[in-house]
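Order of writing sets the labels: A, B and C. Residues in every chain begin at 1.
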Amino acid sequence: MAELLEVQGLSKSFGGVQANEDVHLSLAEASVRCVVGPNGAGKSTFVSMLSGHTVPDAGSIRFRDRDIAGWPAHKVAKAGMVRKFQRPSFYPDLTVAQNLEIPVLATGRRRGRVGEAVRDVAEQVRLTDALDVRAAHLPHGRTQWLEMGMLVARDAELMLLDEPTAGMTPEETSATSRLIETLVRERGISAIVIEHDMSFVRSLDSEVTVLHLGRVIAEGPMSVIERDEQVRAVYLGQEVT
Amino acid sequence: MDTEVGTRPDGQEARPTRAGRLRALLSAENVIAVVLFVALFYVPYFLVGFPVYVLPQYMLFGVLALTLCLLWGFGGMVSFGQAAFFAIGAYALGVTLRDVGGPTAPWLGLLLALGLGVVLAAVIGWFLFSADVRDSYFVLVTLALSTITQVLANSESQLTGGFNGMFVERVTLPFGVVDVSLAGDLAAYYVIFAFTLLCYLLFRYIQWSAFGRVLVSIRENEDRSRALGYNTALYKTVAFAVSGGVAAVAGALYATDAGFVSPTLGGVLFSTSVVVWVAIGGRHYFIGALIGGIGISILSQTLNARIPEYWQLLLGLLFVVAVGFFRRGIVGTILELPGRMRSRRG
Amino acid sequence: MDRVLSVLLDVVTSTLVLALVSLGLAVVFGLVRVINMGHGAMLALGAYVAWTCVNRGIPFPVAVLVATVAVGIVGLVFEVLVIRHFYEQPFETLLISWGFYLVVTELIKLVWGTDLRSLPNPLPGTLSVGGAGIGNYVAVISLISAALLTATALVLYRTDLGVKVRAMIQNRDMALMLGVNAPRMYRSVFAVGAALAGLAGALIAPMFSIEPDMGTLWLVRSFFAVIVGGLGAIVGGTLVGSGLIGGATVVFALFSKQVFAQTVVFALAVIALRFRPVGILGRR
């Protein structure tokens, strides 16, 4: 079976700085991959190239067997790979229901089915009680879930989650890890998760790709990664988790 | 975040009920709209002469305000160029009637107006939006559009009559089985009334449609909408094209109703007035824009006779106040008063 | 040869006059990132104040000074009362400054009426350069414009104040952390921009008929000049932008009517901006 996502030789430099060099990654359906690495490792650039916000200098990104490298952001999202940004990005002055409705409208559902889809997603991200609340009034953790809900509402096949637990309490973080697992299990969604929080990465129990200075230095299950000498060296002085 | 939260509120019907839909239909906004259109419909029953003569022009100004409302209030794009489309439509009809003639000329003229408005807006819109130009550039370009339109209308006297303007007769619209002549003020009134009502319904439909909702989302956070799969440049272009086309047709009707087109109709000053109407009336509600356009025009007419300078100054001040402190405009503020009071109490 | 020289002179003077008019807009835009739509009205106000002074017997140079200060004060008042609340919302500021334009224009009509007025040429006669001639007054204004641009550049690049201003332009947050007093700087910049507009208005008053709406076309032209020249590049950008817009208009006007020339230049500018939105000398 062909992989959902197949990245080969992805490279990008900005004015002399090699942000990504020969990055590779493959991801199957209904699975999760974490991408970690110290600051400046090139994680954001990598995600940007996947989502279509940055054009790669070289390499290929095959999504469902189509090379989408260099595609504009809206085309990539339409193809099924949708990004949750690092900074909060939703519609603050619209209600939660309206926020979820926008991505649903892009799925081509009939008018009558839209409300149903909205309620369905809202239930999954525990926002049923807040459907008529203006999104700006939600506490931070719930807005993160709202944003993930928007990805689900979009019928995303692959979620690009850029630091989804930033600013969350430990309880919220573990709840998020369970949410991602549920989404993968119940809806068959795949996810690439950029993260700094190692306990969160561990709780996801997935394959991990470690970036350092724009290159992939290690790849594999967390247990193996943790013991990798090079990874430990790179992370020396970083978070102690 | 409370991870236990998220239970379905007790006893709440999840699906929209008949009662809910009825309540939505009888919203304050719709009630105001019905009152306005009924009032406009009955004006000729109670007033004769000048009001019946001049109100159609103001209704068309109201339509012009509707087009800006779609662009600005819903799409987040301020255009200082709507008057340009209005004038282009007006001249299109005038020129067609003069140079083509014949019984079908009115329809041809209206069609030409629509075509010019849509195509010009689509071309300019796509050119700008596909490059993701910043808002201020769009403002500048529409400003330049108005400037250029007025200046060209002035200089191309062969085509447009130049500075002295162009006279346009009241047309007769052939509908196949019957001909509707706009020569009489009453006929013109109701034809334009029908057009205004149709435009209002059209824009309200757009607001309710998926297109309208996505347009609002683009106004709120274009990056997010784009990253959800929407070709936002296309949406903005379509909105601009619709606005341009409707404005042009309104302009064409204005030409035949008022009987005279001059270059100032397409200029910066008039474009500015449209922005003022929508800012004061209410940019987030089509009925607000309509009331702003018609209402301020009526007030200008009556007050200009007595205190012209002070009235314009007052308008300018109201505009600053509306843009700075009362974004919702008069109608918007009124409509949202109950909601704000409720949230303050609750 | 004479023709070429004459055209060249026209290009130079057009550039410098447009640069004079645009400098106020560039200063405010460059620093505060606000497009002051009221710029055109302040231009007109400067012209009217100068006219009133001259009509009262005040010599022209003094009248120009009075206009500069008066309009600067008007701009200051507006900043204090209104604009300073809206710096965080650049787009609303654009609209509000347009409201300012409306209010000022109406006040002008109230005070001075709508009849066209004119100021006599303070320096009649023509200068002969090579084989071509330019009006004395136009030549003087061009020199004043050049001097003003040079002075601005000197302030920006040779004074402490200039360093702070450039720091604010390049990286606002950093500048704030380093202790730059933003509100005071914004206020000064806005007032200076207004004063420059008043100065320009007074200076160009003898060249054009004075009417309440005289600022509108200048607004559009200087708007284009500043954006084409480049965001944040105050002196260089204004000069380059004015050169392109002003110069191109002169050249195109050789082959067609003035109005067509303006139209073509605007269209070309719009096209160019679409491909390089930051302008010639601008940076993101």
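Here, a contact is a pair of C-beta atoms (placed from the backbone, for glycine too) under 8 Å apart; a residue touches a chain by one contact, two chains touch by 3 or more.
Computed from a predicted structure; not experimentally measured.
> Farthest chain from chain C, comparing Cα centres?
Using the mean of the C-alpha atoms as each chain's centre, the farthest one from chain C is A.
> Identify the chain whose mean C-alpha position lies nearest to the mean of all protein C-alpha atoms shown.
B
> Roughly how far is chain A from chain C, centre to centre by C-alpha average, rounded to an integer in Å?
49
> What is the distance, in whole Å, between the centres of chain A and chain B, each centre taken as the mean of its C-alpha atoms?
For chain A versus chain B, the centre distance works out to 42 Å.
> Once you find the CA centre of chain B and the CA centre of chain C, what distance in Å lies between them?
Distance between chain centres, rounded to whole Å: 33 Å.
> Which chain A residues qualify as touching chain B in the complex?
51, 53, 73-75, 77-78, 82-83, 85, 89-94, 98, 101-103, 105-106, 115, 119, 123, 126-129, 139, 141-142, 145, 150, 154, 168-169, 171-172, 175
> Given the complex with chain C, which residues does chain B contribute to the contact?
The contact residues of chain B facing chain C are 78, 127-128, 131, 133-137, 139-141, 143-144, 147-148, 151-152, 154-155, 268-269, 272, 275-276, 279, 309-310, 312-313, 315-317, 319-320, 323-324.
> Within their complex, state which residues of chain B touch chain A.
1, 3, 5-9, 14-16, 210, 213-214, 216-217, 220-221, 223-232
> Using the touch definition up top, name the residues of chain C that touch chain B in the complex.
These residues of chain C touch chain B: 35, 82, 85-86, 90-92, 94-96, 98-100, 102-103, 105-107, 109-110, 213, 216-217, 219-220, 223-224, 227, 257, 259-260, 262-263, 266, 270-271, 273-275, 277.
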